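First chain A sits with chain B, and in the next complex the same chain sits with chain C.
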Partner chain A sequence: MNHFELFNLKVSFDIDLTQVSSTYQTLQRLTHPDKFASGSQQEKLLAIQKNALVNDAYNMLKSPLLRAEYILQLRGVDLQHEQQTIKDTSFLMQQMEWREQLSEVEEQAEPLDELELLDDEIRKEITSELVELKSLLDQQTEQANQQAADLIRKLKFLYKMCAEIELKEEALSDF
Partner chain B sequence: MAYSEKVIDHYENPRNVGGFDKNDPSIATGMVGAPACGDVMKLQLKIDDNGIIEDAKFKTYGCGSAIASSSLVTEWVKGKSIDEASAISNMDIAEELALPPVKIHCSILAEDAIKAAVDDYKSRQK
Partner chain C sequence: MALLQIAEPGQSAVPHQRKLAVGIDLGTTNSLVATVRSGATTTLPDDIGQHILPSVVHYTSQGAVVGEEAKKQASQDPANTISSVKRFLGRSTTDIKAKYPNLPYQFTESDSPVMQVVSGEVNPVQVSAEILKVLKLRAESTLGDELKGAVVTVPAYFDDSQRQGTKDAATLAGLNVLRLLNEPTAAAIAYGLDSGQEGIIAVYDLGGGTFDISILRLSKGVFEVLSTGGDSALGGDDFDAVLVDYIRQQTQLTGDLSKNLHRTLLDLAKEAKETLSHESVANLSFEDDNKQSHKVLITINHFEKLIAPLVKNTLRACRRALKDAELSKQDILEVVMVGGSTRVPYVCQQVGEFFETSPLTSIDPDKVVAIGAAIQADILAGNKPDSDMLLLDVLPLSLGIETMGGLSEKVIPRNTTIPIAKAQEFTTFKDGQTAMMVHVVQGERELVQDCRSLAKFTLRGIPPMAAGAAHIRVTFQVDADGLLNVSAMEKSTGVQAQIQVKPSYGLEDHQIADMLKASMQNAEQDMQARMLKEQQVEAARVHETLQAALNADAAALLSADEKQAIETGLTELQELAKGSDKEAIKAGIEKVDKLSQVFAERRMDQSIRKAFSGQSVEQI
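For the complex of A and B:
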C-alpha cells in the first residue's frame, strides 16, 4: 500500500489538503500506541509501526515537494539517493545572488522588511514552479517525468532558501 | 556527527574566499549546485597563457563540509595545469578531509566545480 492509498487517495499531485488532514486525525487516533496500552507486546509493536507509517505518509502528502518526489519514485524515478550536481549557470547565479542578499541583510536599515521582500520574491517563484510541476506530472510521459525531476531539483534550492530566511528572521526577531 | 579537524580548520579559516572579475579573459568560472542539500558553489580560476592556474577563489553557500571541500581545492589547484586540476577526484577530497559517507556529495560538488570552471575556460578558448 502506498502513502496515497493509505489515505484513501488516488496517486495525484493535486490533493485536497483539508481532507488529508482530517483523514490523518482519524488514522492517528486508530493507530495511537496508547490505545494498545493493555494489548500484547506484539500488538503494541504493530501499533507503533503503523503509527509511524501514518506520520511519514502525512508529512509526505502535505509537502508539495515531497509529494512530487514520491509520485516520481512510484513511477521509477528516484531522486532521493542521487548525488549528481546541477550546472545551470543562470539559475545558480540567481541562487548565489539571493544568498548574498540574505547574508548582507543585517546591514540594511530595515532588515526584517528586506527579509520579507526576499521571501515574497522566492515564494512567488515557488508558486509558479509548482503550477508547472503539476502540469508536467499530469502528462505521465517519460520525458515529462524527467522534466519534473529537473524542476524538483531546482525547487529544493528555493525551499532551502525559504528555510534560511525563516532562520534569519527568528535570529533577528530575538533583539 | 563530528567534523574532522581538517574540516573545522578550513571552515573556520577558509582559504581564498571571494571572487575575480568574471569578464576578465584569464578568469574561468565554475558554478555548481547540489540538489540533495541546496548548497551552491562558485569556483574561479585565474589561468595564465600556458594553461597554468595562477590563483583560485571560491564562494560557497552550504554546510561546513562543502565550504571545507571548496577551500581545499582552491589550495590544491594553484600551480597545476588545467588538465592536472581536472584529474582531482572527489575521493581525493573526501579522503583528505575524512568526510563521512553522508557528506560525500560535498566533495562531488567541489570536483564538479573544478570541471565546470575548466569547461568554461575551454569554451572561451575557441
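For the complex of A and C:
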C-alpha cells in the first residue's frame, strides 16, 4: 500500500488538503498507540509502526515538494539518494546573486525589509515552478518525469534559501 | 472556570471494576499526584493535608526522607539534601558543573552524574525515584489498592535522555508507566476538556527549572501539538540565582561562600521573589559567615530589571514556536499559564503583551499539569472506553547523526508528529569492514559538539564486502513517549545487525535491574516473583485481546488452518501461564505473537478500510 492509498487517494499531485487532513484524523483515531494502551505488546508495536507510517504519509502529502518527489519515486525516478548536480547555468547565476544579496543584507539600511523583498521574490519563483511541476507530472512521460526531477532539484535550492532567510531574520530581529 | 466536574453516570465503571491510575507531575521544585474519582479530578493530599510534595530528598544514614521534612534540612545539611534533581536527569557531570557552579553536592569522578551522600552514592534517577515512591505510596494508601498505571509528565522540551531518565525513575519506583506526557499538553487537557474549546491555544509553562511553550490545535477531542519550544534549563530557579547575585553585589560578599550561607541566600531570594509578587519592596536581612549582619532592600522595579533578560528569552522561544506552527499572534485564541513561576506578575504581564491577550490562570498553576495527566491516565487505563480524546504530540528537538567533519545530519526534524520512523542508509568505507560506529545526537545546531549526545552504538555483524558495497539501513523510531529506538539491517543480505545502544549520560537496562534488585529487601526472590507476575499479566492480556479478536474477525480474515494454529498456540500459552517458569511463558507469548502477526495486521487494515467505506471513495 503506498502513501496515497493509505489516505484513500489516487496517486496525483493535485490533492484536496482539507480532505487529507480529515482523513488524517480518522487514521489517527484508528492507529494511535494510545488507543491500544491496554492491548498486548504486539498490538502496541503494530500501532506504533502503522501510526508512524500515517504520520510519514501525512508529512509527504502536505508538502508539494515531498509529494512530487514521492510520485516520481513511484514512477521509478529516485531522487532520495542521488548526487546529481544542476547544470542550468542561468539558474545557478540567479542563485549566486540571491546568496550575495543575503550575505550583504546586514549592510543595508533596512535589513529586515530587504529580507522580506528577497523572500517574496523567491516565493514567487517557487509558486511558478510548482505550477510547471504539476503540468510536467500530469504528462506521465519519461521525458516529462526527468524534467520534473530537474525542477525538484531546483525547488530544493529555493526552499533552502527560504529557510536561510528565515534564520537570518531570526538572528537580525531581536523579536 | 470550575475544575472538571464531568460526571458521566451511565459510563462510569462500578468501583471494583475501575482500574486505578494516576497522573504524576514530577516537577523540579514540587511534585504532585492526581486521580479521577467519581467523575472529578483532584490532586491527592498526604496525611496532614498537603497536596504539594517538595521535590527534595534528604539522605541520612537510616535512609531517604522526601518532601517538606527534607526541605527543612537543606540549609543545615546541604551536601546530603538534593533538590531540583530534575535538572540533572540525562545530563553529564561536566554539563551540570558548568551550568550550576555553586552546587553543594559531592559529585564523584564519572561522566554520568553520581553524588556522594551519607548513605552511599546516588544518581539523579535514584533521587527522582525516591520522590515518585512517596507519591505512589500516597496514592495507594488513599485509593486503597494497587495502581494499575501512571502517566508521568515531562517538559515538552525534554530530550531523549531526559525522558529516558524519567521513565527509568518511574520503573525504579515500581510504577507502570502508561505514558510520558508533555506538561503543556497535560495543562491543555485540564483546561480544554473543561471549556470544550475549539481553536488554537498557547501553553506557557515556566516552572522552577524548565521553560516550555507549546502551540496546540483543539478540534473535536483531538489535541494536536503544532509546535513546541523552550529551554530545559531556564526557570524560576534562575530568577533566584540573579537575586542571589544581586544580594551578594549589594553586600559585597565576594569570593567563595560557605555552602550554608549560599543556601541561606537562596532561601532569602525565594522569599523576596514571593514577596515581590504582591508587594513593591522586599526587605532582607541575614548574617554572613563572619557573623556580620547585612540588610538588603529590593524594589519591584529592580527585580523586574534583573529578570527581564530571562523573560525575554522565553518570549523569543514563543516567537519561534509560532513561526514553526506557521501561525501569527492573532491566531491564538487563549494563552494558558502553567508553573509556579507564572505567579510573578511581570511574567504574566509580558506574556499578555506579547500575545495581545490576557492569559488564563483559573486553574491553580501548580496543580494543572497533574490534573491533566490524571485525566489521560484514566483514559489509558481503560476507564473511559468511549472517550474520543486523542493527543498528537511532536518531537521537540531534531534527531540527527554525526557525519564526516563532526556535522550533524538531521534524520527527523523537530516538530514532527510522533510516533515516527525514518530510515537512513550508510555504507562501509573499507574493504571487509564488519562493524560501524553510529553517533546519534539531538538538537538544532549544525555541529555535533553543540548538540546533545544521545547514544553511540556499534553496528556489528555486517557481512564482509568491498568498500561501499554494503548498504546498511538504520531505522530511527520515536514512540508516543518521545523515546528513540534504533534498529539496523544490511540490505543486500537481509542480515539484521545487532546494535548496542549505550546511552551517553543515562543508565543501561541492567543497571536499572540491579538498582531495582538492591531496592528490594528480599531482592532476588522479589525480583523473580515480580518478573513472573509481569509475564503472567502479559499472557493474560494476550489471551484476552486475541480471543476477542478471533471471535470478531477470524471468520472474515483467517483460513481455517491459520485460525487453528493461533488457537493451539493460545491454549499452550494458557497452560504455560499457570506454571511458574517465566522464560517459558515469555517464549509462549512470542510464539503466539508470531502466529498472530499477520492477523493483527489484517485487522488494522480492515478497520481502516471500514472507516473509508463510509466516505466517497476515490478508487484507484
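The rule we apply is simple: the second predicted complex is superposed on the first by the 174 of 175 C-alpha atoms of A that agree within 3 Å, B and C clash if a C-alpha of one lies under 4 Å from a C-alpha of the other, contacts with A are read in each partner's own complex, and residues count from 1 in each chain.
Throughout what follows, a contact is a pair of C-beta atoms (placed from the backbone, for glycine too) under 8 Å apart; a residue touches a chain by one contact, two chains touch by 3 or more.
Everything numeric in this text was worked out from a predicted model, so none of it was measured.
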Touching partner for A:Ala52 - first (chain B), second (chain C), both, neither: second
In the superposition, chain B vs chain C on chain A residues touched: C
Chain B versus chain C as contact partner of A:Arg153, first or second or both or neither: first
Partner chain in contact with A:Ile86 - chain B first, chain C second, else both or neither: first
Which of chain B and chain C A:Thr26 touches, first, second, both or neither: second
Touched partner set for A:Ser40, first chain B, second chain C, both or neither: second
Touched partner set for A:Asn8, first chain B, second chain C, both or neither: second
Contact set on chain A toward chain B in their complex: 79, 82-87, 89, 91-93, 95-96, 99, 103, 152-154, 156-157, 159-161
Residues of chain B defined as touching chain A within the complex: 31-38, 40, 42, 59, 61, 104-105, 108-109, 112, 116
Of chain A, residues touching chain C in the complex: 1, 4-6, 8-11, 23, 25-35, 37-43, 46-53, 55-56, 58-59, 81, 166, 170, 175
Residues of chain C that touch chain A when the two form their complex: 178-179, 219-220, 222, 315-316, 319-320, 323, 379-382, 388, 390-392, 416-422, 425, 477, 479-480, 538, 541-542, 545-546, 589, 593, 596-597, 600-601, 604-605, 607-608, 611-612, 615, 617-620
